[in-house]
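These are the structures, in structure tokens.
Next, two complexes with chain A in common: one pairs it with chain B, the other with chain C.
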Partner chain A sequence: MSEFSLYVNKETVISGLDPRAKLVASMALFVVAMSFNHPLYLLVLLLFEAYLVVASRSLPNIRRIRVLLLLLFVFSAVLWSLFLKEGPLLLRLGPLRVHRDSLLYAVGMGMRLVSMVVTGMVFLSATMIEEFVFALRKFGLPTPMAFAFSLAFRMVSQLMKVAATVKQAQQVRGLDVDAGGIFRRIRNHIPLLIPIFVFSMKSVDSLTRALEARGFGCTKKPTPYIIVLPRAGDYAVAIASVCLAAAAVLLRLCGFGEVLSRL
Partner chain B sequence: MAHIHLQVRDLRFTYGETHRPALDAVEFSVQKGQSVSIMGRSGAGKSSLCLSLRGLIPESYPGDFAGEVLLDGKSILHRRVRDLAGDIGIVFQDFESQLFCTTVELEVAFTPQNLGLPRDEIQKRVSRCLELVGLRGFEKRDPATLSGGEKQRLALAAVLSAEPRLLILDGVTSDLDPAGKSELLRVIGDLYAGRQTMIAATHAYEETQLADAILVLDEGKIVAHGTPAEIICRPRLMQEHGIRPRDINLLAEKESLPNVPPGGAPGQVLEKVRSRFNPLKLEAILDRERKRAERYGQPILEVSGLNCFADDGRNILSDIHLTVREREMLAIVGRNGAGKTTLIKHFNGLLRPSSGDVKVKDVPTKRTSLFELCQTVGFVFQNPDHQIFSETVRKELSFGPKNLGVGEEEIEGRVSEAIAAVRLNGFEEEDPLMLSKGGRQKVAVASILAMRPEVLVLDEPTTGLDYEETIALMELVRRLNEAGHTVILVTHTMWVVARYAHRVIVMDAGRIIADTTPRQLFANPSLLRTAGLTAPEIAELSHRFLGRTVLSHTEMQDCLDPT
Partner chain C sequence: MKDVIFMWRDTRMVVLAALTAATYAAVLIPFKVVLPFIPGFTEFRPGSVIPVIFSLMFGPAAAWGSALGNLIGDVYGGTLTPASSFGFVGNFLYGYIPYKVWGRMGFLSCGTEPTIRSGRQIVEYLVTAALAAGACATVIAWGVDMMGFVPFNILSNFILVTNFAVSAILGPPLLAALYPRAKKWRLVHRLATSQAERRGRHAWVIVLLLFVGIASGHFIGNAFYFGAEKVDPGGMGLAVAVAPSIVLILLCAALL
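After this line comes the complex of A and B, so read on.
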């Protein structure tokens, strides 16, 4: 259980979809993002995802990670444009050279990463973890594995909360984690890592104990409580998603949507 | 003869890597529909017994195990823990770690799902159990958004949905605020009335009054076994084994009056001493309190018009005005979520005001760094495990001064001084993580003391501590206050407020609704009700029967004329 849960408990068109349809659609959007590296094509994808963000009411979650998204985009755009040397030279900054195609590709890569994170966020905002587990089980993942997967989500957010508390508890003892050079900074994190590690060990122990005590693993086929019966709309979304992914792959194979002929 | 439901025979257990037995020749039986409370100090073996009755010991804990646990005549030892979920349910102290799901409804359905019950049966049980614990209407809520009391009631519902033959409650009220505790105790009261067979481990005698029997454990052995009347009426026995006795019975014993059994009339004790109650003696105590207040120093902490807004724009603190003077001992009380911890985090710059001002020694915290503030305002977090990381107590205590740039020689002096203050002499080279919770809490306090702050802020320092540990910690805090430290304490434990605080700030929904003394607070039933608080028994009774509020049995004795 976590106070950092991403799930938005509101009825929307997207949250009302069968989790399997949502999972297929998310996978399809990943495929589309991976198919193109031209910024214009990825811009179309991002605009579509912006619509999904609004429709799924996951804007607050996107806001929470806006810095991460910005960093992903900037780092990717800067690094790719500096490391690749494709197309005519656009700019020379001392020893650094920026080429046109490399810059377009770099921007595309940044957009691709942002698009994939946004897709994941829309999915998690619109899907309860139990629905996610339901979908994974329906796709053939064994129950314990599917449940472990969902537990990992919870543990991460619980750890984030504890890490914030531990950081405060050490800050009030005068610790400045950002003080000094790189090695000193690494050393500064030891007072944070040990309590977090100890907490994690204790949490895993308590969790295992509580799960066992509540009969987890008692039967290989626990009764499904959430039963989602796919409706025509869910089939339509799943089929449309698969078609979209196939079309994207086909377009790319025909040479559309690429700045450079690499992935 | 009634049917014996649970039988424990010669139960012994020693955890791996230790030599002292956690359980030593424990034997008792419980009849169907009966309930037994297990009491004792921390480390007496209460949790070990609960884990053994649930089968978690020996399956999940390595160690030397011997003995037998029989449920309806059949040993549980050869059955896997998970397979016992439909027969024996257990609710743990830490409610956070036993909730896994994203909605209340799914949480309650989890155990019956694992038992493979039909879906319509699960739905019926979910509905019934949520009704029982008073959480109907919460079905779609995320458990993370519930209060502590609601979470623990949810954990109880999640276990009851398996309809276990035996229910074990292991310190379930320990981490709750008074309002959460009373909500949970009401539900547990209903279970007693419904004759649910129950074993409940607890520190608090108030929670044992409806039980059919009490077992007192010490060092893993049963040292007393009797009805609540037989145990609670023996305050010395309770004290001897680290359990907080009932104040009214301590008074009765000192005055050679009959003890008050659960359900008895405690007022009778006060009726009997009424003729000897001397208001002038109480006046003398009040006079000493007034003189103490006159000796307070300059304002050290000033809060004016403080507001704190959450990311979603919600107001967590509204228009807080507060002045704390040097050498005050201030308690901040109120429900969970009232804003207590948010407020105290403004005192040392962990949080900055959204609007308004917080000044420490006349300097606004907005203009001071956390590093500078922590040298004046020391902050002890609720859970000592959130800060302990060193391999020895000495190193843990030197961490703060070292960060402040204090020289090696002075650090040595400060560490020795802090160790002496918390009375941890002899433990300098011990691994702090291996100490008891009370010991770890002392290390946390000492590690802040070594930084020599003038103000000491403690966030629920007694949570999870037993009576003796609480007394030891609070006596330490009292000594520090008498030595000149200003103390600000957030707590849910009202007898601690009664005995130790000079002044109380009562918070509700992000506002200060009263700035008063413990005596005035406990004489004000409507304020207590509004803030979800309960007065200590002796304070409530003295107010009712003598028209004056007395804060403890020792204070009451001080107010009595000799016979």
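After this line comes the complex of A and C, so read on.
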């Protein structure tokens, strides 16, 4: 497991589910969030997701991105309320005008964004990368692509370590990469890119040979790293999720959960 | 277009796709929290140079690598949402367009490899980077606006400017340093080295149409918000209005 992984290694009801069921349930929650733009309906969804966060024990991960969640909400709410002009005028600040329906829609969009990020975080907290790739393969992702995806995940942490080594090597030679303000520090890091890229390019040949020596690409259906067999509970979760998503779409088509007639 | 499908049969290309994805993600992740311009959607991205220069070296592997790398960045950054699917397509184009248009832009092309040794090569590189950044920005902003996350004008202009600026500033020196090494290690994709293998003498027409698609999509999308008093942005108006430009971009990309 990568050191950058968000996976929470604790046994919970959610982490015990088949990764395919978790993926279907996450997609269904995305559909529910997309179906409504009224803040009240999205609040119900957020409350349900708060329960999922507790049940999956992903609160530490949510805490890590709490500033991002706050920024997402504020940014979305401010932008949409300024760019849309629907409903009666509520507030006028010089050239800026805030309309009632636009403000409601803007708050709804902020809640929708937060809800989607939380759904993604619950999924990643309860699913190992290997399980994620397994689910993608079962849903039809070609084997070489799934392999490249999982290989890239592992290579990220390796590249980060290479970057740290290169940085230390340059610091030993007198390069002070952490001097100055933020832009100066970014500029200081740019010369480090070339040795990092060269190092990673050099590894391509040996990795290719190693893969081919192990018969990579010889068969269209190689043995998977993990095998997960779905149980009755997994089917129940998947079916319930699809029904929930369908119900949300149906409600929206009937005119519920709508502030503005846009997605 | 066939090369982006058939590349998966070549083990070296699979490894290069993974390498591009990992490198792109490794440079994107630290900046997700350092300088977020539009939180959760775009930030200051020095990594934006990677899809362009790797595309000119590794060809289709870089296209898939940038798409996967952006997705991995979303996963590690905790911002995996349905908008990530548009990020996938947009970043695929960002890594796909450079190697496809290089050498096929009529009088703008210098007819040599992207070694960045002359002024003409730099001009061709800048046009290539602008087209790639434009296609990426238009597709992502269109999708994200359609989902109701961020208005088109905000996201498209940020992505266009930051992606192009980073690629224009960092790209030429990095490419000049890396291309000879990649060629020596036989990592350079054949389309980058062999101009003779490029079919179609009139490919510049497709590149021109690609530019028309990008420019029209960008203009129409921005007009919806900057002329908001006159043009109602409600309903699916923007999504439908920009859709023909998106279709044109994808069609040109497929024909290249």
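Rule of thumb we're sticking to: the second predicted complex is superposed on the first by the 189 of 263 C-alpha atoms of A that agree within 3 Å, B and C clash if a C-alpha of one lies under 4 Å from a C-alpha of the other, contacts with A are read in each partner's own complex, and residues count from 1 in each chain.
The criterion applied here is as follows: a residue touches a chain if its C-beta (ideal position, glycine included) is under 8 Å from a C-beta of that chain, and two chains touch if they have at least 3 such contacts.
Small disclaimer: the values here were computed from a predicted structure and weren't measured.
Legend: residue contacts after superposition of the two complexes on their common chain; A:208 is shown touching both chain B and chain C. Of the two partner chains placed around the shared chain by superposition, neither chain B nor chain C is touched by A:11.
When both complexes are overlaid on chain A, the residue A:34 reaches chain C alone and has no touch with chain B. By the touch criterion defined above, A:120 reaches chain C but does not reach chain B. Of the two partner chains, chain B and chain C are each touched by A:151. Contacts of A:178 after superposition: neither chain B nor chain C is touched.
Of the two partner chains placed by the overlay, chain B and chain C both lie in contact with A:190. Note on chain A: of its two partners chain C and chain B, the one contacting more of its residues is C.
Touch criterion met: A:261 reaches chain C, while chain B stays clear of it.
In the superposition on the C-alpha atoms of chain A, the part of chain A touched by chain B in one complex and by chain C in the other spans residues 151, 154, 158, 190, 193-194, 198, 202-203, 207-208, 211-212, 216-217. On the side of chain A, the complex with chain C involves touching residues 4, 6, 30, 34, 37, 61, 64-65, 68, 71-72, 75-76, 79-80, 83-86, 109, 112-113, 116-117, 119-121, 123-124, 142, 144-145, 147-149, 151-156, 158-160, 163, 182, 186, 189-190, 193-194, 196-198, 200-205, 207-208, 211-212, 216-217, 260-263. Interface residues of chain C facing chain A in the complex, by the touch rule stated above, are 8-9, 11-12, 14-19, 21-23, 25-27, 29, 33-36, 38-40, 44, 46, 64-65, 68-69, 72, 74-76, 78-83, 146-151, 153-154, 170, 174, 177-178, 181-182, 185, 187, 225, 228-229, 233-236, 239. Per the touch definition, chain B reaches chain A in the complex via residues 54, 56, 59-60, 81-83, 85-86, 89-90, 92, 94, 96-103, 106, 109-119, 122, 140, 142-145, 158-159, 162, 312, 345, 348, 350, 370-371, 374-375, 378-379, 381, 383, 385-389, 399-400, 403-404, 433, 447-448, 451. Interface of chain A with chain B (complex): residues 1-3, 5, 7, 9, 60, 128-130, 151, 154, 158, 162, 165-166, 168-176, 190-191, 193-195, 198-199, 202-203, 206-219, 221-227.
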